[in-house]
Amino acid sequence: MPADLILTVAVQGILTGLVYGLMALGLSVIFGVVRVVNFAHGEMMTIASYAAIVAFSAWNIDPLISMIPIAVLLFALGYAMQSVLINPFINRPEHSQFILLAAVAIIMVNGLLMIFGPDARNVLVDYALDSIEVGPLLIDKVRVITAVLALVITSGLFAFFKLSRTGKAIRACADNHLGALVIGLNIKHLYALTFGIGSAIVGAAGAMMTLLIDTTPNIGPVFTLQAFVIVIIGGLGSMPGALLGGVLIGLSEAMSGLFFAPSAKTMFGVAILILVLLFRPQGLLGRKA
Amino acid sequence: MSATPLLAVTGISKSFRGLRAVNQASLTVPQGGIVSLIGPNGAGKTTCFNMIAGVFNPDEGSIMFGDRSIAGLRPDQICHAGIGRTFQIVKPFKELTALENVIVGALRNETSTRAARKKAEGVLDQLGMLDKRDQPAAQLTLPERKRLEVARALATDPKLLLLDEVMAGLRPTETDQMVAVFRDLNRKGLTILLIEHVMRAVMALSQHVVVLHHGQVIADGAPEQVVRDPAVLECYLGEEAEV
Amino acid sequence: MSSLVLKDLDVFYGDAQALDGVSLEVPQGSIVAIVGANGAGKSTLIRTIAGIETPRRGQISYKGAQIGGLPSYKVCNLGIGQVAEGRQIFPSLSVMENLEMGALLPRARGKEKATLEEVFQLFPRLAERRDQLAGTMSGGEQQMLAIGRCLMGQPDLIMFDEPSLGLAPAVVQEVFRIIRLLHEKRGLTVILVEQNVAVSLKLADHAYVLENGRIVMQGSGQDLLHDDRVRQAYMGL
Amino acid sequence: MIARLLDGVPKRALVLLGLLLAFLLVAPLFVGNYILSVLILVLYFAYTGQAWNVMMGFAGQLSLGHSLYVGLGAYTAAALYVHFGIGPWVGVWIAIIISMAAGLVIGFLAFRFGIGGVYFALLTIAFAEFTRVGFDHFMWVNGSGGFFLPVTQYSMNDPLNLRGSPMMFYYILLAITVLAFIFCRWLLTGRIGYYWLAIREEPEAAQTLGINIFRYKMIAVAISSGMTALSGVFFAFYYNNLFPEQIFSMNRSIELILGPIIGGVGSLFGPILGAFVLTALAEALNDIMVALGYELPGVKLLFYGFCLLAVVMWLPNGIWPPLRKWLKLEDRS
Amino acid sequence: AGTAPFNIVKAQTGKLKIGSIHPRSGFQAQLGIACQRGIDLAPKVLQQIGIKADVEIMNADTESNVDVARARAEKLINDGANVLIGAFDSGQSAAIAQVAEQKGVPYIINVAAAPQITEQGYKFVFRNFPTAPMLVGDGLNLMKGVFEKSGITPKTAVFMHVNDTFGQAMAGAIKAMAPRFNLPFQIVETISYDPQAKDLSVEIAKAKATGAELLMPVTRLNDAILMVREMVKQRWEPKIVMSPGAPGFYEGQFYKTLGKFSNYLLTNVPWYNPRSGMTQKLLDEFTKSYKGELFELNVGFSFEAVMVAVMAHNAAKSTAGAALADAIRKTNITDHVMAGGPLQFDAKGQNVNIKSVTLQNLDQRPKVVLPLDIAEDNLTLPLPSWQKRA
């Protein structure tokens, strides 16, 4: 197999992986703090994608720009969802939370279906099909842009949680609900804030994603599942972990597609997941509970 | 005291990320005796228990139960060997009733659930909790949960019972009642090793006291003797100790 | 002047009534002890003052302002701190981070450094263990941390819920010494809930006896200490 | 043994249970084919929910990948029938063994390494996905092309080969469901039931009471996966065609567990009630939509989503506990 | 067997109740809705061309789910449907077929290619759609025509297919039949990908590396779009891109999304006969009712299914299942919408006269270029460079 083919595929895999990582990051942030697995993750991303599509078709706004208002919109959605729906479920068992979010997902998918119909939609910016030539390699321009953005957003978020007061308070809430109440943290607000932040990231990722793939109301579950896989590989709650997981998945899918059957490439992602769960259940960069 | 002690712990140690929580500790519990393990907070008492009960593997040292080495066994195997324990931070089966909690323990030796139920009722009665039998454990108060811990452990018919601060939070009168219960059990052949900060109970119950400090045994002897030990006074009881 | 006044408080858990018409006053700068059997409602009382439980009826006022029904973060920021039953530290945060969290209240901003010094002076053990995960510390160490964390929030009034539970006798003395110290040196108002009735009554200016959610007796610490009923029921004498 | 099953069950409960069974026994005689097919769905979900409940409700291990066992059961029995002419009542044992083996492998890996909670749940999804893609490439059963069982005119019922009318399927399924109910009651009232609940509530404490938690979790997985395999076999012979994409899908796993969760996790009657409620709800919604002449696709599922939401919001433990209270039946069944 | 004693006695004459059952929500919603359009238009158009259509259409949604499909079929029959039409997907169609067979209600499959369905010995199941082997046979035959007409004979080919029920049926058929067709090229690589793939960059990179002159894709819509986009990005320009009979290239969304890049791609697929008068009528009505939507084969086959049912009803003068089934079996409609011979069913209920055409995307819409007798435009090959397109 020619070396430049392998290299091209590897680079593409890594770039795609970074965007996957960003998408998964939203899930990770939410779980890491609120300890709720957002089963409506992919659906929220789909909502963001549709928002980007509407912005593009109605006002011709590039998704890389509409990304910002969409992130704000999703932040509001996340904040509201947490304060209204999920908050009463914080101390309920996992299966109960799971059903709650599964129901939310059903509502979102079918709401989108009713509004936008079943057709695949997309955004066609004029640079969508451009490629960048780097020596013998031909790299997709959109992927480069989105990958860089993914890195930037992740670093910003990382700094927020490690350095800011609010970021630390959010981590404390995650640790001991009652403890946080006792010392006077506004838990509801902090949880909602976290859910909002996680959703905002999902929003940015969803807007970007319209440049890479077409959107239908039903693509949510695939992304939810993929985000789970990535986040668990990287370590639930670990931000660099999400990116690492994304890159690993992107790369492994690309490589297995190249060397084995492409139709079985998701198997490799899942296989990595299983190995990680077995030998390092907290994830590659996760901290032991 | 009989020739072979029921429990003989020799030179056990345990470290957590460099922190040596238990350091070459040794203690023995004679058949039919009541021994107290006391010491300042963080001295390593619970960690000792956890090693005896199979939660942690000791880094070094040996633990003999009768003439059998039990170091490194799993908690359930330790239970089968005949050691029951309670948890300092109580762990009741919250959605089960008090009675059901104890039945789980009683099934250890009973073949039928009916017999186990009967036995569990007996144990609850002994601890004065029969009137709470149908309350879900989640609704019990902390001292009640502590007693439930004891009941559950007792229901497994242990030869040796490890009690981790079961008197904490009890009023003095209640403490005295519990002391009486344990005395009674002891008279019927149960050997007890307890961790306790409530000196009132320690003094009343134990025939022998072991004092742990920084993971090491610093005193070991009869209660009256130990409470006068200057080292113990200094690190544990405080100068103006009023017992 | 009374800093905290409770009037006719009723609190329920579902259908079960935990507090029944509780009224009490905590004068500024005093130590008030609350004694009572297990399950009498002492912790509930504290949680209600702190805004964690909502009273169904009755009023709570602090320094003249109504605080009944306020969420806990607002109550805390008025200067009502608590050292809760069961410590409630953040187990997977380090000791240092736990303390920082205590200082997140708006009222405590800017004073973190000085308070931290003070806390480390009171509890040298915490300074030694500043990078250990709080969850792996022993019960006594955790209790110290809980008190330290509460102090980081600059409270005027601290409510202690069974602070001596599970502590070695020397540490118990130490805790009471610290409570007295805080009271005397810093003029803190203290509400003390304790099983160690003798000590807490000795310490208290005023005390209330709670039974089945009702105040059944009150008086100065000394009076109750010598009251036969109290001695018999709570001190086993 | 019977005494134990009935221990502590109030008379009223027995009477009501009897009435329900009698109703289910005669129902096919009075309802049309359509209702009959709905009832088959109800029983199917009730049974499969019961099987899942053994793992989640009793032993506290959340599996979101139960479609794996349905699929393995279905494919095993179907392949044996098509390729070797082995009838379903023999094939079912092999199907159960294969499913159990898969469950035990997953259980072994997870429980040996101390994986629980959300992580375990995601591991189960991962294995189901893994198997789905695997079967997409498994040409012995025609890969993603789908595997078809021969269908003949149903002139007569052949219960031995599970070929026949819906009525036959209904009664077979009813029998299986009733047996599963009794079996679960038997498990729950016995030693194993107490041990499972203890493990579910507080594994560490359970262990110090002498319970080998690894072993009992493994037993739970084995029983649950084996029971689920049977539902797969039934599925294969009732629908006669199998597609990996559908039978192993995450959606199916979710579909299977909605019933018990809505009904009430951990109770014996929850899965049955949940299956009734959900299936009836789905059908009723459909009728309402048709009656309103409202044709927008998605409306029905949207409404379904809202109903689910309402149930989890306001009935945190499912429908059964409050209903049980209302019927004044104070027992765990 | 199995019928309830208290079931309502069905009306034997009068209005024909047609149960239309399609995936109108779920992941196949798009296609189910296209089918539904053909059904909805049918009564009106039939009346216009002078066929008495005394029908009532009852709709059901399978939610793209086999279990639901089965239950909905039961429900339709319970509510009095005399004929069922559906269901686009092979799995759902197979499930419905069993119900229909059991209840003795004729079932006309409009779209679904899995060959097994008409091999299971049903008496009430009819299919007016080619099976996968038929599709492939026609597709390969037409390929030779394309090579001949364009004068370009590729030596190497890559076969790429989506790995779902349909894709695998097609792959199987190609594997089995290609040797018999004496094709001039050699398939140097077969690449299958997951139906849920969101990214085909690796697949295209791999295909490009073979340097094949012909790309034979078997796609669905979304992956067809992904595939072409990726080809543009990676600047892969095989001489011919020709689908042996799969959806994707000729769908409305494809043109909307890809614009100029959709042009010159080829598909060999059963299609409406643009020269047929009936097609024109249907097309007019379609354009009127669904502005901006593309008229394609799903609409055509669904329309024809209704036509079959209606004409059988007219002939049988009854709504009884057996009578209708007999009448359907005797169907012989020479003038109809789809290309190929007369609309007839063989003993197994399969229409064997359907013929594929070669479509080429020109001016961003599908045009018939072969067979020449119904061609709308001229074949243009080789594929022009992506970057030089205006």
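By letter and in written order, the chains are A, B, C, D and E; residue numbering begins at 1 in each of them.
We take it that a contact is a pair of C-beta atoms (placed from the backbone, for glycine too) under 8 Å apart; a residue touches a chain by one contact, two chains touch by 3 or more.
As the structure is a prediction and not an experimental result, all values here were calculated from the model.
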Applying the touch definition from the top, give me the chains sitting in contact with each of subunit C and subunit D. A, B
Most distant chain from subunit B by Cα centroid: E
Give the label of the chain whose average Cα location is farthest from that of subunit D. C
Based only on mean CA positions, could you tell me how far subunit B sits from subunit C in angstrom? 30
Please work out the Cα centroid separation of subunit B and subunit D, and write it as a whole number of Å. 44
Would you kindly tell me how far, in whole Å, the mean C-alpha position of subunit E lies from that of subunit C? 75
At what distance in angstrom does the C-alpha mean of subunit E lie from that of subunit A? 36
Among all residues of subunit C, which ones touch two or more of the remaining chains? none
Touching two or more other chains in subunit A are residues 110, 113, 118, 217, 261, 263-264, 266
Subunit B, residues touching no fewer than two other chains: none
Each pair of chains that touches, named by its two labels: A-C, A-D, A-E, B-C, B-D, D-E
So in the complex, which bits of subunit B are touching subunit D? 53, 55, 74-76, 78-80, 84-85, 87, 91-96, 100, 103-105, 107-108, 113-114, 116, 152-153, 156
Touching residues (chain side subunit D, partner subunit E) in the complex: 28-38, 41, 133, 136-137, 142-146, 148, 150-157, 164-168, 239-241, 243, 245-246, 251, 283, 286, 295, 297-298, 300-301
Given the complex, residues on subunit A that touch subunit C span 165, 168-169, 171-172, 175-176, 178-188, 287, 289
Complex contact set, residues of subunit E against subunit D: 1-8, 24-25, 29, 33, 59, 61, 63, 65-67, 70-72, 74-75, 77-79, 90-91, 94-95, 97-99, 101-103, 114, 116, 120-123, 163-165, 167-169, 172, 194-195
Subunit A to subunit D touching residues, read off their complex: 31, 37, 85, 88-89, 92-96, 98-100, 102-107, 109-111, 113-114, 118, 217, 221, 225, 228-229, 232, 236, 261, 263-264, 266-267, 270-271, 273-274, 277-279, 281
